[in-house]
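The following blocks contain the structures, represented as structure tokens.
Both complexes shown next keep chain A, but they swap its partner, so chain B is in the first and chain C is in the second.
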Partner chain A sequence: MDIFKKSKNKTDNMTIALRFKNLRAMSRYLYIMPAVVLVALIVIYPIISNIINSLQTDKRLLTGGAKPAFVGFSNFISAWNEGLFQVSLKNSLLFTISSVAIAFVFGLIISVLLNRVKRFRVFYRVLIVVPWVISPMVAALSWKFLFNDSFGLINYFFLKIGLINEKIVWLGNFKTAFMALTIANIWRIFPFITIMLLAGLQSVSKDIEEAAEIDGAGLVQKYIHIILPQMKHVIIIVILLQFIWNFNEFTVIQTLTQGGPADSTVVLPVLIHKLGFKYWRAGTASALSLILSLIILILSSLYLRIVGRKSDE
Partner chain B sequence: MKNIIKSLFITILIFTVIFSTLLIFTSCKKETAETTVAETTAAAETTVAETTTATEKVTLEFWLYGGVEDNIKWNKTMVEKWNSENPDIQVNLTLQSWETMFEHFQTAASTGTMPDIARVHGSMVNQYGTGGFLEPLNNFSDYSQVKNDYIEGYLHTLNINGQQYGFPQLGLIFILMGNKKMLNDAGYQELPKTWDELKETAKKLTVPGKQWGYSIIGANTRDFTYRWSEYMFKAGGDVLNTDWSKSLVTEPAWEGAVQLFADMKKDGSLDPAFLATDFEGQLNKIAGNQVAMWLEGGYIIGPIAGKAPNMELLYGAVPAPAEALGKSPQGTLQDIIMVCMSSASKHKEAAWKFLKWYTGPEADKDYVLHPELGGLPVCKASMDLPEWKNIPGFEAYQAEGGTLRAMPAIPTLVELIEQGWAPSILKAVNGDMSVEDALKEAQSKCDAILSKK
Partner chain C sequence: MNSHMNINIFKKTVLGSLKHIVLIIFIIIAIVPIAWIILTSFKSTSEVAVWPPIFFPKHPSFVAYLKIWEYAPFGIFLKNSVIVSLFAGTFTIICSSMAAYGLARLNLRGTKFILSAFLISQMFPGASIIIPVAQMIVKMDLYNTLTGLILIYTAFLIPFSTWMLYGYFRTIPKELEEAAFIDGCSRGRSLIKVILPLSLPGLGATFIFCFLGAWNEYLFALVFANDYTVRTLPVGLGTLIGQFNTSWERLSAAAIIFSIPPLILFLLLERSLVSGLTAGAMKE
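For the complex of A and B:
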């Protein structure tokens, strides 16, 4: 209660003011405390638990409740030597790169068209967003029906227009299953890319565009030399975000093929799920999760650096 | 300086809150784990102490995984019957998905939220029994009397190292089934009995692009294995050697059974979409007259009748090669749906009362009276019922009954199937790999899985 006593001189008044300021500064940390605790519970605790799991006996669930033993980094070695690890890593990279690259080109074209549309602008934008807002599980199941060899619409349509002579078993063929997964995924992710690029396009100054046109730049030249370089940051952010999300993709693949036929479309998240939930190898599954997290972390820090640099500019 | 102290104070405060929260959670988890272990150990060493008195009203949680529509309906009726007759032991039935059974049940087991009773696939006894999550039923005092009600073969499959971790609820034997009209139209009055006959019949019944002689589920490696391995067992093959330390994948019986399917795929009589066919897909193809023959358990009869009410079926034993290829006795795979009790159940005695009634002779007899359910009786008494002979495919089941073989009861069975041999066999059948190379690949994968401690 000392601080409420009437001060005798100017120095005392300043000290009191400083104390109040400090208390106020401190209180803001208390306000965010509930959020910090929540984050600790739902994010930090699972991460720590996963790290502990990755350093303990692989098949600890099968030990009848015995205390799991510390095994060092042997689960990481086991994960590396896992028969499907290299295949799933390769598939993850291939799936991510092909999905993002094709969806980006597709999204760019659509965003350019949408940017030029004058009538029914809102309608088209809402229509484009539909695949993005649909639940991934619902989208995957719809694609499963579309790709069905017996009654799927894709086979029906291709047969009708004479593109194929006999029905293709899209999800049961080693070559076409991966392609089918990528197509389904591109359909799901391209709306986000389109919307982001559209926002980027709209932020490009009309004056610069007009200046380029006066200088005689054609449409393609204008986009390659003027507009796209100005959207550099948006493009990098979109690609990085998509890379992170698609590298982690599980729902579409698990629903459509479960990593099959014969493990030909297995990706890292699907492998982790198999190891952890079906084979009870919690140690190796946790180690693989950490490897996957590390890859994502590197990409995320890249993303944050770019975002930071952009905001500095 | 002041700022540094302030920052330090805040950092310490935040970390203290985070770690104390973590500590609380960790200790809670540890306590649960210790309790589970203590309960399991106590249960294994001593006779189960009754925690519920007869007058106390208890509610048992019962999870029922999977089942076709008629089966679920029958189970619901049985639970209702129990609840009306046993006001002190009420059972709360929850239907769970068969597709996510592994993930769902494992999560429940590792988080200590398992139900008192669960109906799951028999192969789960390996992991959950060894992991200490299931209550050994032989701990109950009247077990030695109760066990005599069941057919020994089924009980044996659910027994790991002398501990009975579950009771069978229904037996599953896969038999050959066929579309009667398709077969009759092609001049066949009965299903093929040998591999050569099977290939010939399947070829004759195939109309390219329209219908196929034979179909098998290939989208799910486990489903494929349970249907394909019948042929391997029929050829005198086995999964592992006698001490379960080595895989027998490269044995002639395996080679013969893979070659049989590879030949049917090559000559076009095996459904070319088998790798994308799941249970529902198979059912649609059968009901849509797209396939002539398939291997399935009796549970498929009800759904077929639901989709194609006028379809008549032929039943037969699993075709065998002209001569045995392996050294083991020629048999058929015995598959089981079991009912088990959680070792963490707080009402073990009540759960035991329900479990033995639910799987016992009375319920089993009622099951036999409903041939549309498709499963086979598991109690000895039911075999004497005249209605048992009315089960569709009775003669085929009778022919297979004496030669039943079970998958090895090892905790790594799921990994062996899904990671070990199935992917390689699928590649060989599809013609993407030679049979010899595929089996060598499978052998090395299986050996690697078996050698892991």
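For the complex of A and C:
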């Protein structure tokens, strides 16, 4: 009897101890709970909700309204038939590729030069990042100002050097709006590329540089064949990051052209905002959101693989 | 021999100054748009929006800086921006320092998955989630409130700041914490008493990054803060740009004031911001 009682007590104590240990183990997860819940709230929930939305009739987003009905893929089909999808994807790709490609060339030239000058280097580096440091909204404001047709500096300057004969309505003409937008965007992103590439150049070991010089390689050859391959990773990461960020750009385009004139500058994020909150077509907007999410998911998985491989090395 | 040397010296000086010339051209390109706003903000109304453009104001004045406070509810926008950015930054730091500690030190199951998921979700554009998040905000009765913006910004900023802090926490030697455990410190106390004080520079950089993220955000603020009483500065500026009879010198003054916090914060931690951003790419 006594023994029995004792042993029962012992198992009790053990289960309590075990439970306590489990509880303690569980409690460690409390540290990550708030962050995980919040991120799930704005990533997992929206993806599921986008899928549901995209298969239903449009609902009033901010004011509530009639209950939506299931319509299958008709939102996707109408987005395709109206050409919304093709136009915005084409613009997004063109905007992103031309911005990143040109800004990359600028960034490469500047970073190589910065790496080779000794005097004023800090001075140059601090000034060159200004476009990147100021808010996108202020960048947009200043370019709206510069491109203004009746008193903008761009018209003044181009007329002065004889590049144009009359004032051009840069942002209001469907022939020039896209180019103007891309120029403003290149201005905004080239400093970041410069800084990243400069960091990459500085991490290339001096021995390799000197060895190349002894071999008598010319300056351009030296960069193309020896130094740039050394910074392959930095280059890939910069381009991928910039591609994703520019594909997502909203502020500058919305402020400068709002996707106009005649949809000539409409990119996916601007179109989603317009469909969702101007035309109240939540279904179509959700369908396009899903496509945008898918593109970004593919690109960022690529990024993740490259970064992951690098840190495993 | 002599002429050969001369050519070499010639080549060296010309190429040397060419480098500086090209760099200065790019610097001018980088600076002019902002310099133009600064100059405009000191002009009088008769000197802006004229043809040909007047470059330097005859009598530089601060009138535009004084007038913006009555011209539009600029004070309200500024106050809203400060509140939203401070709170979003603070909440983000709290949530993500806990999460980063858990991921860096507690050997949790799924650590790798969560880190990857955070990295990917950090790439997701606001536009791809704006429709469902708008529905959610309305359902939660947070439409047209600063609370709604703070909530969304916090959630949006957590992935990146968790990654940044995760990097900092991992550089702190485990032995320091073990010493604290022997002294009877709990995990939570060790986080507050050992880890956080040791990563103050990292916390500062992360906070500034979050602050600026919230300060500059446009899409969510544009959609959720419709009423002018809850508008943040980017939305306020955006509305003014769109107006037909915009007063450019006042708009410029407002943009300058709006740019001051980012510029100061950037100069404060230029070094660590750049190294933090490049750390992932440059990891050896």
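Quick notes on this structure:
Note that in this section the second predicted complex is superposed on the first by the 278 of 313 C-alpha atoms of A that agree within 3 Å, B and C clash if a C-alpha of one lies under 4 Å from a C-alpha of the other, contacts with A are read in each partner's own complex, and residues count from 1 in each chain.
Here is the rule we go by: contacts are C-beta pairs under 8 Å (C-beta built on N, C-alpha and C of every residue); 3 or more make two chains touch, one makes a residue touch a chain.
Bear in mind that the values here come from a model prediction, so they are computed numbers and not experimental data.
In the superposed model, A:Ser150 makes contact with both chain B and chain C. Touch criterion met: A:Val43 reaches chain C, while chain B stays clear of it.
Of the two partner chains placed by superposition, only chain B is touched by A:Trp170; chain C is not. When the two complexes are overlaid on their common chain A, residue A:Tyr31 makes contact with chain C while staying clear of chain B.
In the superposition on chain A, no contact is made by A:Asn115 with either chain B or chain C.
When the shared chain is aligned, no partner comes close enough to touch A:Gln230: not chain B, not chain C. Which of chain B and chain C touches more residues of chain A is settled by the count: it is C.
When the shared chain is aligned, no partner comes close enough to touch A:Ser74: not chain B, not chain C. Applying the stated contact rule after C-alpha superposition, one finds that A:Phe277 touches each of chain B and chain C.
Where the contact sets of chain A with chain B and with chain C meet, they give residues 29, 36, 41, 45, 61-62, 64, 148, 150-151, 273, 277.
Remark: chain A residues 28-29, 31-32, 34-36, 38-39, 41-43, 45-47, 49-50, 53, 61-62, 64, 106, 109-110, 113-114, 116-117, 119-120, 124, 126-131, 133-146, 148, 150-153, 156, 187, 191, 195-196, 199-200, 203, 233-234, 237-238, 244, 247-248, 250-251, 254-255, 268-270, 272-273, 276-277, 282, 285-286, 289-290, 292-293, 296-297, 299-301, 303-304, 307-308, 310-311 touch chain C in the complex.
Contacts from chain A toward chain B in the complex involve residues 22, 25-26, 29, 33, 36-37, 40-41, 44-45, 48, 58-59, 61-66, 78, 83-84, 148-151, 166-167, 169-174, 177, 257-258, 260-263, 273-274, 277-281. On the chain C side of its complex with chain A, the touching residues are 19-20, 22-23, 26-27, 29-34, 36-37, 40, 48-53, 94-96, 98-99, 101-103, 106, 108, 114, 116-121, 123-136, 138, 143, 152, 154-156, 158-159, 162, 187, 215-216, 218-219, 222-223, 233-234, 237-238, 241, 248, 251-252, 255, 258-259, 262-263, 266, 270, 274-275, 277-278, 280-283.
Those residues of chain B lying in contact with chain A across their complex are 6, 10, 13-14, 17-18, 21-22, 25, 33, 36-37, 40-41, 102-103, 106-107, 109-110, 127, 130-132, 209, 218-221, 272-277, 281, 284-285, 288, 290, 411-412, 414-415, 418-419, 422-424, 426-427, 430, 432, 445, 448, 452.
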